[in-house]
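You will see two complexes here that share chain A, one where it goes with chain B and one where it goes with chain C.
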Partner chain A sequence: MTLFKRPGFWISVLFAIVAAVGPWWISAYFLGVLTVAYYFGVFAMSWDLLFGYAGEVNFGPTALIGLGAYGAAMLNFFYGVSIPVCIIFGAVVAVVGGLLLAVPALRLTGPYFGVVTLVAVLLLQNVIVIFAKYTGGEIGMTTQSVLSINTAVNYEYALGFLVICTIILYGLSRSPLGLILQSIGQDATEASALGFNVTKHKIAAFCVSALFSGLAGGMMVFYMGTASVGTVISISIDVQVIIMAVLGGRRTIVGSVLGAVFIIMANELLRPLGQLNTFVVSGIALAVILFFPDGFLGAILHRRSA
Partner chain B sequence: MSQVREIGAGTVPAPAETGVAGLETSGLVKRFGGLVAVKNIGFHIKPGEILGLIGPNGSGKSTVMKLIMGIEKPNAGSVKLNGVEVAGWPTHRIARAGISLVFQHSRPLHRQTVLENIKLALLPDSFLSLTHTRAVDEAARAIAARCELDHVLDRLPAGLPFADLRRMELAKAIARDPKVVLVDEPFAGLTAPEVRSFSALIEGFREAGLAVLLVDHNVKSVAAMVDRVFAMYLGEYVADGLPDEVMRNETVRRVYLGGAIEVAARPAAAAKDEAPVLDIKDVSVFYGKAQALDNVSITMRAGEFVSVVGLNGAGKTTLFNAISGLVPYSGTIEWQGGKLAGKSAGAIARSGIVQCPESRELFGTMSVRENLDLGGQHLTVEESTKQIEWLFDLFPILRSRQAQASRTLSGGEQQMLAIARALMMRPKLLILDEPTLGLAPVILEQISKALELLRNTTPITVLLGEQNVTFALPHADRVYVLEHARIIWEGDPGRFEREVGASYL
Partner chain C sequence: MHLALQILIDGFAISSLYALGAVGFTLIFGVSGVLNLSHGGIMVVAAVVGWLVAGNTALGPWGGAGLGILAGLATAYVTYFVVVRPIQNSKAIPHNETEIFVLTGTLLWGIMIQVGLDYLFTDNPVTMLPLIKGVTNIGGVRTPTNEILLAVISWIVIGLLWMLINRTRTGKALLAAAINPRGLTLLGTDLSSIHFLVWTVYGLLAGLAGVLLASFLGTSTANAGDLTASAFAIVIMGGLGSVSGSVLAAYIVGYIETLTVYLISPTLRPIPALILLVIVIYLRPQGILGRR
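Moving on to the complex of A and B:
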């Protein structure tokens, strides 16, 4: 296969190995930071599959993440079901809930899908606050169990999860399905004239995106031990996820991971700036997007193909 | 794999299918709101036949193509493929049934190679196909070879010459072995040798037994290869038959050329010693790899009325957009002695060059009066009111339509409003791009009168781009003929009919 001849493949493997031995050379504090970054990497990759390939902008990725997170957390909290089952349940909730919201919008052309996803976040936030008895409301919900109390183990869980998701999502993006999705994202009329059912493929892409968002949401809940509106269902997190994917490189999947690690680490490293922190990180992100609209990875790939 | 059949093998439909072989349309009607874009159109293309569907811009030919492909749903009528009714089906189903479309402006996948782009067209409509099969790969290579693309298989589309890009689109269209191929403007942007190799490819489709529909603006460009021509105007059938029959057809000639040609050059404007106010030298424009203007030079003196005539696609709009600073170009354009290159479109407009675009660009939800007021933004209230009064004298119908939303006006009234709005900006040079587009003769007469008044009573320099020669010639002091991105004739209108009249179509 040509895969093994690509330098990008070996660079990724190298990165994965360096990351895997992280607990031997990274401080416990930064292991914790990276753990969160890895989950965000999956959020951003799922988002990129939908936007970069199918061309639909999901302004509310946390609606899907939140459904997965709360689905998993509630099942664990009320019934004490084991973690893997809860996470899978959360992912199913994310797919089903997402479909109910998005299918009507995906059938239409135009900005409807984006608007619906944005509204979905606000709607879900409200539902969680209103049904505080079942959801913990604004305070959040504590799960009965957590993945591990050991930082290094949590870190390896997150990394392993990230690697598996990357392989699957990247593989999908390079498959015939990825090709069809790209053509739909570029010109839906032309894609349908080539004989592809645009709606069907968009829904398929959405389901995959929702599935991985939901899984990652569930994983993160069992890492943190709590699910709260502020951490998994919020517009500001939506914006972060979108920035990560665009910053890393639209239509690259792997770039999203770089974007996620960059944003989360920058937020951490610039903490001494206090209030200015977010401002500076957003400024950097904006500059990168303005000068390298294809993102980190996109800029590298483009240079090579030009 | 069942989706990939042998390419180029006979595509004669199975005898089990009933009805007429090939593509048969009848009674097609398409309405967009109050506008009837297609009225009762029907034709038949047999397997192994090439039909040219022609008509000027706005005649509805593209809509007919979209109706066949299911991109637009017809309000009435039928589209039969080998006797099977496909009207109303979703596009992807029609494509799978065996109709394919070569888009004029296609957008290939830029990160994929030519081979991968062709493979795309061969994939089944399923999201469960996760690996590329060998059959798809082999079929894609065979199709590429047939379309003379084998030497660029592993290149990215961005690095390809324009003709190869068009070949790739043809390859995609025939990949799934369709029974009918629709080609939108097959030769736009191609050079003469490329047109020949392209024609040979399309003629190859005919030999393979495909029914081919070529959609183009005029007979000339497709005449050499089509078996029959079907001409449309304003959504309606005009004529059909052999290419030269259609070219000789009175109605067709009137549609393209207008009626009998009249001229009225002013002797006063013949003062040729005056320095030109607009001097266009060797201007060339490329859209990507397609050349839209090829070393065009035009001069205009103050107060002159110059017409640039040419069929759709000749490059008129591109020329005007270059003057207005909307497209980058090579060569120089000088206005009142200063170079225009590097100035923004806004600065050019402020220096007195105002373009009234083909698409009119009115603010649809605003009233007639509001559109005019917008055009007069830079004037004082008194000046503006005076200017509007003058315009209402020029186009009396607009006075009675003042409060009406501009999108509810008829096409002719919209055109008058667009010209009036351009005049609100008090242009020194007024550029009119195809004001007659899609308008009925009676409206043309009104606009014609207004232009005559403009020419005789104001110092405004006018540059008119037209396909309709009868409309363009009477007012013109001088005429340029633009064909395939080049100026091929220049002179006064009196000589036009004698020297180029016959070969224009």
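Moving on to the complex of A and C:
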């Protein structure tokens, strides 16, 4: 296995171990912050699989995240079903909803696919507000159960989830499927000339992206104990997810995790700036895009290969 | 009958504003392929500056409107020179990914504008003093004269733009740049001066739309995202890059929204237009009047 000879692999393992013993050296407050960051890491990785590999820009990742989150939350709220079943149900809802959205939309190219996904977020938001009787409307809904009330346990759940998702998504991106997606992203015409069904592969990528977004959305709902429009279905969350993936380094999967941790931590550490906090974080992200368009991880990898 | 007339008048005014906002947006896409997601931010800059000047200085609403438009223009220039051009010229960004980088970059810049305005001025809704006081009676519907004025201004400006594009040499160059930039360069026209021109026109239009919006309905920095989204939706519906398509779509969206507000419920305002947008995208992805 060449994987075990790559320094990147061992660095990742080291990071994972350092993170796993987090509860011994990180304050409870920052454990909570990192927990959220880890879920966002999964959001950003799912987005990167679709953009970085299949070349499709999904402007509405929260449409998928929200479907997963609300699917899980509603099943739990109305029927009191156990958490794992709810999360899986939420993920199924996200995949089915994603398919309904993607199958017609993937016929479109360029900015149009992005627009459909963006509109999907706006529509979903409105639907949730209109059917407030079932969804809690703008206030949101509280779940009957939560993952745990212990910060450290919640943290380990999130970390474990992140690690599993990273392994699967990274593995996928390096698998034959990932290579085909990459070739489609670079030149769809040539890929289809080589005999690959472009639409089928893109839909497969979209399903995988929806599956993981939905799972992560469900997990986050049971971590927070609530699902609300502002936390899982909003354009500003969409923007954050996209920025995390681009900032960490697109087409790297693992970079998204760095981006997520960076953005969430920066938001938290700059909180004393008050209103200017968002200004500074956006400014940093803009500067990175302008000067290091390959992101954190991309910059490191490029330097090594150059 | 009275209600029908009311809907007709209000729908016309709001649609004219939408048209003004969307025309500039579609123009820069047509000519330079840029989807500027800081559009709402630029409109709000103009609105806030207009409101500040009109309310706090002796210049009054007209002076406020003028300075507001200039502020919109200045912000558009910053967007172009600091965000868009460096991304377009960057060697590190692959050509086929320029689009997503411009989108992300302008989105971030839009957020910076919005938060910056919140910090420097106010995040409360601002309403500029009307340009003209008084009320006009149109067939029994009492309409603020200001509302009529802004529809007239919008149409004059759209008319001027039409003249510029279709009746002048510069306009021909703009059209040519939209159709075949390489051909235009071969004929000896400097493409970057065309881009500069189109951003100037865009800045003036977005600034004017922002100022008029502030004097009609009022606006707040929190609206920046919605304004971008509605311009985006209108432009996609009308056909990216098509000026007349955008005007048409602006009226469709404006009237659908007004009908929804009056006949169904104000809370449902954006929904029918969004559904229509999805239908248009599926059935005719290039938009109503768009080219393939």
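In this text, the second predicted complex is superposed on the first by the 306 of 306 C-alpha atoms of A that agree within 3 Å, B and C clash if a C-alpha of one lies under 4 Å from a C-alpha of the other, contacts with A are read in each partner's own complex, and residues count from 1 in each chain.
Going forward, a contact is a pair of C-beta atoms (placed from the backbone, for glycine too) under 8 Å apart; a residue touches a chain by one contact, two chains touch by 3 or more.
This one's a predicted model, so the numbers in the text were calculated from it and none came from an experiment.
Student: Look at where chain B and chain C land on chain A after superposing the complexes, then choose clash or fit.
Tutor: clash
Student: Does the superposition put A:57 against chain B (first), chain C (second), both, or neither?
Tutor: second
Student: Between chain B and chain C, pick out the one touching the greater number of residues of chain A.
Tutor: C
Student: First (chain B), second (chain C), both or neither: which does A:158 touch?
Tutor: It touches nothing on chain B or chain C.
Student: Name the contact category of A:201: first (chain B only), second (chain C only), both, or neither.
Tutor: first
Student: Which holds for A:177: it touches chain B only (first), chain C only (second), both, or neither?
Tutor: After superposition on chain A, A:177 lies in contact with chain B alone.
Student: Which partner does A:193 contact after superposing on A: first (chain B), second (chain C), both, neither?
Tutor: In the superposition, A:193 touches chain B alone.
Student: Quick check for you: in the superposed arrangement, does A:74 touch first (chain B), second (chain C), both or neither?
Tutor: So A:74 meets neither chain B nor chain C here.
Student: Thinking of the overlay built on chain A, is A:106 touched by chain B (first), by chain C (second), by both, or by neither?
Tutor: A:106 sits against neither chain B nor chain C.
Student: Which residues would you name on chain A as touching chain B in one complex and chain C in the other?
Tutor: 186
Student: Quick one: which bits of chain C touch chain A in the complex? Just the residue numbers, please.
Tutor: So the residues of chain C in touch with chain A come to 35, 83, 86-87, 90, 92-93, 96, 99-101, 103-105, 107-109, 111-112, 115-116, 118-119, 225, 229, 232-233, 236, 240, 267-268, 270-271, 274-275, 277-278, 281-282, 285.
Student: Flag every residue of chain B that touches chain A in the complex, lowest number first.
Tutor: On the chain B side, the touching residues are 69, 71, 90-92, 95-96, 100-101, 103, 106-107, 109, 111-112, 116, 119-121, 123, 125, 127, 129-132, 156, 158, 172, 176.
Student: Which residues of chain A touch chain B in their complex?
Tutor: 171-172, 175-177, 179-180, 182-183, 186-187, 189-190, 192-198, 200-201, 204, 251, 301, 305-306
Student: In the complex of these two chains, what residues of chain A are touching chain C?
Tutor: 51, 55, 57, 104-105, 107-108, 110-112, 114-116, 118-119, 122-123, 126, 129-130, 186, 235-236, 239, 242-243, 246, 275-276, 278-279, 282-283, 285-286, 289-290, 292-294
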